[in-house]
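In what comes next, subunit A is part of two complexes: it sits with subunit B in the first one and with subunit C in the second one.
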Partner chain A sequence: MSDTEGTEPASTEVQEAKAKYVGFVFDTATFTAEQDKMLAWAESVGETDPRFTDPSNPDFQAHPTFTASLVSRRVLPEDFPKIGGPRGIDGGKAVVIQQPIRPGDRLKASATIADIYEKTGRSGTMTFIVQRMSFVNQNDEPVSMVDWKMIRNP
Partner chain B sequence: MILDLHTHSVRSDDGRAKVDNYCQWIRKKELPLDGMVLTEHRQWDDTSDYRDLEDRYGLVILKASEVETDYGHVLVFGVNEDLVNSFDFARIDNPLPEVLAAAERCGAFAAPCHPGRRNVGLFAHYERKGVVDAVHTVEVLNGGSIPGEDELSVEKAAEHGYRGFGGSDSHIVSRIGFCATEFDDTVTDIDGLVAALYGGRFRAVSLREPV
Partner chain C sequence: MLFEDVELGDELPAEHPDISMERVVEFTKAAHMNFPRFTDHEFARKEGLPGALVPGIMSQALLATMIHRWAPGCRILSLDTVFRGHVVVGTTPTISGAVTDVDDDERVVEVDLTLTAEDGRTGVMGTAKVAFSA
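And now, the complex of A and B:
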């Protein structure tokens, strides 16, 4: 922990980044919900519900966290500043389920920065960058939203 | 009555506990708590309504905030619209004297939490930047403290003549009630809590199971 915890410059930097980047789409990507990948993901997370593990199930669909396995080409906007320090930590992903994803669905994802914020704790000042991937299907219906927290600290 | 004055729910970015699950845990484990105060990080939760849970479980559930200042984290009880407009709850560098003054002006009660935390607590900042005169009360028992931190909080609070309260600082259900505050008076709403805190008829209690 440094003596510079919570000082003005870092906060100003974050405020400027928020104003410039939050809410703007910086990348798009398309995916097809392939049955094999859906099954592999369900197996990898230990799922046993046949809706997610048995293609013959009449309600077969992707596991609710399947979209957390899909990533855009860019993690951050091209000119995103190096705020918060050089060390990065994966702060985890949160998934909002909006519609079932079925085999063969064509998904379009839009990547935005949903939030940038700071907090202080035992390890000092940490900067949180939240990347949001919003998925719609071939009918333009929202199916899933994944928020990925990236933590940076000095 | 005994209230846990420092808890976080899923409304906090690092909270993993639903308020309903806190209530279930308190009742299942027969904890001697009469209620809890949700002190979400860097925000004022103006929307959540826990009155149904209060009725269902017979617990007092109040809302407050944990804000961040240049002297460490501060719990603010009795948050209202005036106070929300007085400083930016989302910032991590609010000047402590301004937060304390704003709270008093707006009829709220603000007090530093985990002040004995190494490097980042109030007393570590005192050593580097000097004492803040407006501090009157601190959280002397914190459920997230590591050995030595609460002892330092108690020692330094006594040295400065501060009153002390307790809170679990729980982020998951199984940690609620590790520390709490016992009040001589009955508290049923946030105004009553603020009055009880200003009245000073309370003490920090540790409810940790013996190791």
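And now, the complex of A and C:
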């Protein structure tokens, strides 16, 4: 799901970090889908579809990107190297919706590094670190996947 | 909007979402993001920002809401967003969008969306895949 279009051959430190960290679970977390939070989320963004605003609707569910706010205790693996420079920017989030999340669902999340790549622009080389949170419900059914693009630049 | 009525290049009706402080505070509570840079203009300005900022994931959710209004009953399969610039709380942004792909077999439509800040700068760009029921 990560956007590596326009990337360039990775530096040695990025290649080493990819080999060591990509694909390995480095943290887990559990969350409960609370009905009041689901409602408040939908109402705060002006949602009018009763699937998201009316708990009595038989198809009531969390707004599609609800999991974008659920983060693990660790953002990166404990010994992750300081590649790409000291400045960090939130580059965006990509959410895949696999199944509706219902009130009271117990969500288990696994955090991995999905990709590491570099792009060079006018302000120098930027390093993109993509953290992936994969969510399953209490029945171990995948419900959502969130890729968080963290940008580091000099 | 029915799937049969969707055509490549169609533009979604532009929207000016409510990003008042009241709405942003409500969102940050729901999203466990109670940080003053989102809810306190003075604090944000001291950090060198133009004012309190709308969280990126709130802008993302605003894009989802717009899609639901355009195609009631649709199901968003994915929404990929890039956070490009600041969107200040209490301003009047514009969300625009256009259909960039139509898959007749899967009844899935791809939509590109942009949230433009009041000053004309791009705040958030996104691409969504949207499924229509049969």
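We adopt the following convention: the second predicted complex is superposed on the first by the 144 of 154 C-alpha atoms of A that agree within 3 Å, B and C clash if a C-alpha of one lies under 4 Å from a C-alpha of the other, contacts with A are read in each partner's own complex, and residues count from 1 in each chain.
The definition used in the following text is that a residue touches a chain if its C-beta (ideal position, glycine included) is under 8 Å from a C-beta of that chain, and two chains touch if they have at least 3 such contacts.
Fair warning: this is a prediction, and the values are worked out from it, not measured in the lab.
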item: Touching partner for A:G85 - first (subunit B), second (subunit C), both, neither; value: neither
item: Partner chain(s) touched by A:A40 [first = subunit B, second = subunit C, both, neither]; value: second
item: Which superposed partner A:P103 touches (first subunit B, second subunit C, both, neither); value: neither
item: Which superposed partner A:H63 touches (first subunit B, second subunit C, both, neither); value: second
item: Partner chain(s) touched by A:K93 [first = subunit B, second = subunit C, both, neither]; value: second
item: Which superposed partner A:D49 touches (first subunit B, second subunit C, both, neither); value: second
item: Touching partner for A:F128 - first (subunit B), second (subunit C), both, neither; value: first
item: Touched partner set for A:T120, first subunit B, second subunit C, both or neither; value: first
item: Partner with the higher number of touched subunit A residues, subunit C or subunit B; value: C
item: Overlap of subunit C and subunit B interfaces on subunit A (superposed complexes); value: 1, 3, 149
item: Subunit B partner contacts - residues on subunit A that touch it in the complex; value: 1, 3, 5-8, 11, 117-122, 124-125, 128, 149
item: Residue ranges of subunit B touching subunit A (in the complex, touch as defined); value: 13-14, 41-42, 68-70, 72-73, 90-93, 117-120, 128
item: Parts of subunit A lying in touch with subunit C, wherever the complex brings them together; value: 1, 3, 37-38, 40-41, 43-49, 52, 63-65, 68-69, 90-97, 147, 149
item: Subunit C to subunit A touching residues, read off their complex; value: 17-18, 23-24, 26-27, 29-33, 56-58, 60-62, 64-65, 68-69, 72-73, 75-83, 124
